[in-house]
Every structure is written in C-alpha cells, then in structure tokens.
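First the structure, which I've put down as structure tokens, then a few questions once you've had a look.
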Amino acid sequence: MRTCWESLGEYGLRALGREFGAPLLPRGLEITFCDQVILIGSGMMWNVYFGVLAILGGFCFATLLAVARLSANPLFSRPAAGFIFVFRGSPLFIQFFLAYEAFILLPRAGIEINLLFTTITAETRWLTRAWAGALFVLFLNTSAYSAHIFHGALRAVPKGDLEAADAYGMTGWRRFRRIIWPTMLRLAWPSYTNEAIFLFHATTLVYFSGFPAWQQSGDALYYARYFADQTFNPFVAYPIVAAYFVGATLILIALFGAVNRRLNRHLPRENRPKLRYRPQLIR
Amino acid sequence: MFSFCVDPSILPQWQWFACYLTSGTHLAFYWAFLVVLALILLAAPAALLFGFGGALAARSRVPPVRWLGVGYISMVRGIPDIIFFLFVPIAMDQGIEYLVHHVRCPDWTEPIRQGTDFIVCPQAKVPLNDAARWVHDAYAFVLAVVAFAIVFGAFAANTLYGAMSAVPRAQIETGEAYGMTPRQTFRRILLPQMWIYALPGLSNLWMILIKATPLLFLLGIRDVVFWARELGGAKTAQFYAYPHPDWRVWYFLALLVVYLLVTWASEKVFERIMTRLNTGQATAGGERLRRTKAAA
Amino acid sequence: MKMTRRLILAGVAMVLAAGAASAQQVIRMGTEGAYPPFNYINDAGELAGFEIDLGNELCERAGLTCEWVINDWDTIIPNLVSGNYDTIMAGMSITEARAEVIAFTRNYKFSDPSGYMALAGTDASVIETGVIAAQSNTVQAGLVADGSATLIEFPTPDETISAVRNGEADAVLADSEFLTPFVDESDGELVFIGGEVTPGQGIGMGLRQSDTELRTTFDEAIAGMREDGSLNALLKQWFGEEVPTF
C-alpha cells in the first residue's frame, strides 16, 4: 500500500502529463483513498485553468460584443446578435463536439497566411488538444452568455448618468470608459457572477464530449470517472470531486463578492446590491 | 420502408438516401426526439414541484426544515449537474432496491454487498428480472425524470424563493390588516402574485432543461446524442447494408439546428406569455406596457 | 458514465420454447452493441453479431430465458456487479485485473490478436514512439499505457478509427478482427503495421463472482457447443475460415 505521502509525490502533478509523476495511474485493488483525493485534486488544476482563462478572455470579448450588439449599425449588431444566439441557444456539449470535429479538419500542416511581402504559417494542430481547443470553445461560449448579460446592463444604464456625462462634455471613448462601462459592470455583476460559476462548472464537460484525454491526463471529472470505473464504486470518487467543486465555487464567490464591493463602494451601505444567486444560465 | 430498398448497394443516390434515412435505426433516432421531448415535458412540472417544496422549506420558520431547504438550494450552486447525473441515479436505484429488499425478504441472510457485488433477493429487483422490456424502459425513463426533477428542482426552488420574497411586503400587510391568517395571506395574496416575478426565472429553467438534454444518455436513456453517435460512426460494408464513412459531424450539425429551433421557438412563446402576464402589473414590465398603450 | 444505464430497447428478447420448464428466471445479458462482428446494432435497429447468436444458442441449451441489454462499454462491469444484468458478452478478454472483480466462464473464442492499424506509409516505429489511440478501459489501452508510446483514449471504437484517419493518432491498437474490415474497405489507405500482440486469455462471458450456479450452467453449455462443433461453425460464420477453432 502506498502512503498518502507517496501518493502526493506520484500523483500530485500527474494531470499535467506522465512526465510529472508516476507514468501509470493506480489500478484496481491498489487504489487508496488518498490516491483518489490527490489525483482528482490534481485534475482540478485543469478546471481552474480552463475556468480562469476563459472568464478573463471572455470578459473582454463580451464587452466588445455587447457594444457591437447595441450598435445602430446592422453591420455590427447583426453578427453579434447571431453569435450570441447560436452559442446561447445550443448545448455546450454539442458545441464541444462540433468544434473538435472542425479543428481536426483544419489542414495538418497549418494555414499559410500570405501577407504580400511574407508568408506566415499558422499552426493549427494544437487546436485539437483540449488545453487550446476546449479553452477556445469555452471562451466563445462564455463570451456569448456574458455579452447577453452586458447587453441587458448597457440598456439599463440610467439616462441621467448619460446626461450628466454630456453635461461634463464627455464624449466617445472617455464617456464609455468613465461612465457607461463602470455602470454597466455594476448592474451586470450579480448575473455575471452566476455566469462565472456556471462556466466553471461547465469545464467538467471538456473531457466528456469530443476532446480526448492524452497520456491519461485530464480534469477532475476524468479522474473521478476513471476511479469509478476501476473501483466499481461511484460512492467515493464522485463525492470527492463534488467537494472540490463546492470549495472552488466558494472561493470564486468570495472573489466576485470582493469585486462587487469595490464596484459599489461609492454607494451608502444599505443601497449596495447584494450578490444573490440567480441561476439564469446553463449550457 | 420503401419497396425498392431490398438491395441498397445498387440504388441511385437519392433512393439510397431515402432508404438510409428510413432504416430501422433511423426510425429509432427520430423516436428518440419524441422521448426527449416527453421527458422534458414531464420533468419541467416535476422540477417545479420539487422547487415549490424547496422554496417553502427554505422559508420555513422551523430551523431544521429551513436548513434542509437552503441546503437543497445551495446544492446546485456548488456542484456541476453532470456529477449529480453520474451519481444520483445509481444511488436512487440501489437505495430503492435496498429498501424493497428489506420489505420483501426479511429472512434473507446473505450480505447485500459481497465484495463489489450488490446483491438483493430476486423479489427485490426493481423492476423484476422477468418484467417485460417496456417495464424496464419505463423504469429507466421515470428514474431519469426524477433525477432531472431533483437537480433542476433546486434551480426552480431558487427562482420561486426569490419570487416569493419579491412580492411587495405591503400587499401581505394589507392582507394581514384584513385579518387573514398567515396561511390565508400565503394562499390568497402571495401565491397568485409571485408568478409574474417567477416567470423570467422559470422560462430560463425551461431553457436550462432543454440544453441539459444531451446529458440524458448519462441516465441510461437512448437519447438523440446516443443515436447521433451510433448512426454517424463509420459503417463497413461487411456488416451494414448502408456503409458510409464517419458522418457524425452531419448528425451533430442536425442536432445543433434542432436545438436552435427549439430554443428560438420557446423564446417566442415566453415573450407572448410575459406580455400577457405583465398587463396591469405593478412591475417595470407592466409600466412599460401601460406607457406604450397610452402613447398609442 | 452512469451505472444504471439500463438496457433501453434495441435488444432481441428471446422467449424460448422451453415449455413449462421450472419457474424460469430471466437472465439479462449485457452487451455493448457497437463492436462488429462481436455485437452490433444492425440497420434494422436490432442486435446482431457472433455473441448474439452464441448467447441465444447457449441460453436455449441451458433452458434459460434470456434478454439482451445494451450498455455502454465504460460502465459495463459496474452495471453487472450492481445487478442491472447478469452476464456480459461483449468481446471481453479474460484478464487478471477483471478477474479480480468479476468471474468468467471458460473462453468461447481464442484471444484475438490485436493489431496496430495506421495510414499507409506510417513507419512501424510509431508503436514505440508515436501516438496510439485505444478505447478507454480496454486491454489495449492498458497495453499502450504500460509502454513507451503516447496513449490517447476515446470512449468508443469508432472514434479511435477516426482519430487515425484524421491524423490525430499515428495508429490505433484494437482487435484485428474489428480492424480488418476497415483495412479491407479502405482501398489501401489504411494498413496494419508492426506485428500482432495477443493480450488476455481468450474471450469469455463475464458474471458476478457470487453467481457460481449460473457460471456452471453456462460453462457446461459452452463445453457442449465446443464438443459438437457448433461453436466452431459459428466462429467460421462470423470470422471467416481462418479463425482459430476449438
């Protein structure tokens, strides 16, 4: 029997690849409780990786999308609306599958981009790997959901705020940066927190549809399923991964709560909106 | 299906496709759409029921009941639904068989868990081993509906809990001023009023349910995703009458279109309902309606 | 994957003409339905394949009423031990790891040699150094994980083939029987590379370890079919003349 300490050494970083620990996963009867806790925890690294990067990237793109969606110019608003509709209207499960199939259709050698004076070859192969391809899909998906939230918030920016900006002679980018954007964030933040939570939960779908696991390195759910298959006992592995997610979600809520307090720090205490959990989004 | 389908290998293209798309497996695929639809139509009210119970429990003045309700609601907050689906049905299935075992076979001496084996007496099998196939299918279906209802009932509970708190306090006070008991204010004032506040959340719940259906195959339902995978996979001429390369991408594209259509149609329907419910309500939506009417 | 994944539709329920034989218990037989020629769903939406024919014959000889249940490969053993069906006939190799959890009958087919299939022109050295696709939780996946090649796992056999076609993997390791039609019908695009390996100790029927009685029954039925040559006839019918027979 391995001790917990040995498990930590062998499997603590195993999710990164077989070079980062024992090449083989524990099998059958030799699986200890510690193995399960440690290996599933190791897989959580991928969930955090997907979650953090997709949320950060999605936040920026969603702002652009929301502004485009609100634009009076149909050249901007139509594509933005279409993008939001497609990604919000279909299950993430199917998006993952189709994206993976699309990525493997890309030419193996890469795409040649001709820039008049020189030719750049864009590598496409890594897109079929979960760390890039799945991240890209999650990024697009959360962008669509967040853009929907931001779009609603932009429309709800009080008219008085805009008039005040006009009175100060603010226009264009300055007006957006100083007045519209902060107000939009403030209004959207409670819903956006929920979106972030759901996106984080959706990272469990990565190795579940489409993207294959390489070298037996996957996310927390991949290992939980591996253990459930190996020990034929779902009553240990799944509660472990559930506990990890509860913990991670609490941390996420604390972070978003801190941002919420900062966004609303100018308001008298009793007027500050509380973060209330409203499950509006799922994939 | 068609009389010319006897030997598909010699058919011209359009006839080949006509036969291919009406083969036994494809009919099962189309049937799966109905099964999934039936399932969400059943799961939605069931989830609402669970949600109503959860919301009531969370408002209860008895602490243990309240904790139960709040615990149920916050369950969805922390745990991805997939993990529930991997776990809840097997737990339910074994739990039911365990209980039935103790009722029907009190004299059974052998342990239920022998190593990894989970063994209950034959009479405690749910459904019985010799039950007709449709009974097994129906049981799996019911189990899936209940699993959906439990998980998404927590979403509904959250929405309804919020809606109950959103009904203006003054309305309830008015009821109390008329000498109504708490029970009466709940039934006559809170309950009829809360729906307008709950509807946006409930329409979301419907969308959530639709978009969660690709996970049905986890619950042992031969759903559309299962068949799309099965039918789309490459088929060799040695064993199949309709050999073809890997066509999964087309099947999944078709699924994507169907999902987009269903969500689009649902959105339209909910917009209609919302307009109707908003009429004459003391909400922002009602106010907007009043104004546009006044302006017209 | 879930454990209750119960048998929805498909299978061929066979009620046998065993007359008023003793209070018959229905034996539920689990299979994957996605692994021709062992077991697959044919165009009519019914289960077919070597194991389906064999299983039906075995049940008839043992005087049992059998009903087929389709189950996902990933959870095929968990569902057996939790009692959702009573046997597994799914081209399952008898291995020590599996024998720790479930019991096997004597084998009804010799171990399939496994082969590496790759796109034409692939060098055989990828077996040691390349990316090898395999279905997860198979003996082949275990074999690749033990070696030096990079393992890439897919939940269904179909996806492993696609991975080779689109270059995601250099080769796929699977039963040669399963791969042969793909090679034959690919017009030279797909080829076998390297030699064959033979994991496992034959293919047998899996049962719960506590079901000793049922195991004896099926063991006897298999022995009977081995002796009178009917098993060999079935093997030849599904796998061709060259298949190793008993």
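Read from first to last, the chains carry the letters A, B and C; within each, the first residue is number 1.
As a convention for this text, a contact is a pair of C-beta atoms (placed from the backbone, for glycine too) under 8 Å apart; a residue touches a chain by one contact, two chains touch by 3 or more.
What you are looking at is a predicted structure, and each value in this text was computed from that prediction instead of being measured.
Engineer: Out of B-C and A-C, which chain pair has the most contact pairs?
Structural biologist: Between B-C and A-C, the larger count of C-beta pairs in contact belongs to B-C.
Engineer: Measuring between mean CA coordinates, which chain is farthest from chain A?
Structural biologist: That would be chain C.
Engineer: Based only on mean CA positions, could you tell me how far chain A sits from chain B in angstrom?
Structural biologist: 24
Engineer: Could you put a whole-Å number on the gap between the CA centroids of chain B and chain C?
Structural biologist: The mean C-alpha positions of chain B and chain C differ by 34 Å.
Engineer: I'd like the Å distance between the centres of chain A and chain C, where a centre is the mean of that chain's Cα atoms.
Structural biologist: Here the centre of chain C sits 38 Å away from the centre of chain A.
Engineer: Which chain C residues reach two or more other chains?
Structural biologist: 1, 3, 81-82, 101, 159
Engineer: Where in chain B do residues touch two or more of the other chains?
Structural biologist: In chain B, the residues touching two or more other chains are 86, 90, 116, 248.
Engineer: Indicate the residues of chain A shared as contacts by at least two other chains.
Structural biologist: Answer for chain A, listing residues that touch two or more other chains: 225, 228, 232, 234.
Engineer: In their shared complex, at which residues does chain B touch chain A?
Structural biologist: 74, 76-83, 86-87, 90-91, 116, 155, 158-159, 162, 201, 204, 207-208, 211-215, 225, 248-249, 252-253, 255-256, 259-260, 263-264
Engineer: Taking the touch rule as given, give the residues of chain A at its contact with chain C in the complex, in rising order.
Structural biologist: Chain A reaches chain C through residues 23-25, 27-29, 104-105, 108, 128, 212-216, 225, 228-229, 232, 234.
Engineer: Okay, in this complex, where on chain C does chain A touch?
Structural biologist: Its residues touching chain A are 1, 3, 74-75, 77-78, 81-82, 97, 100-101, 131, 133, 136-137, 145-146, 150-154, 159, 163, 166-168.
Engineer: Could you pull out which chain B residues touch chain C in their complex?
Structural biologist: For this pair, the touching residues of chain B are 23-25, 27-28, 85-86, 89-90, 92-94, 97, 114-120, 122, 125, 129-130, 133, 136-137, 139-140, 143, 218-222, 229-230, 233-234, 236-243, 246, 248.
Engineer: For chain C, which residues count as touching chain B in their complex?
Structural biologist: Its residues touching chain B are 1-11, 13, 24-28, 34, 36-37, 40-46, 48-49, 65, 67, 81-84, 86, 101, 156, 158-159, 161-162, 165, 181-182, 184-185, 208-210.
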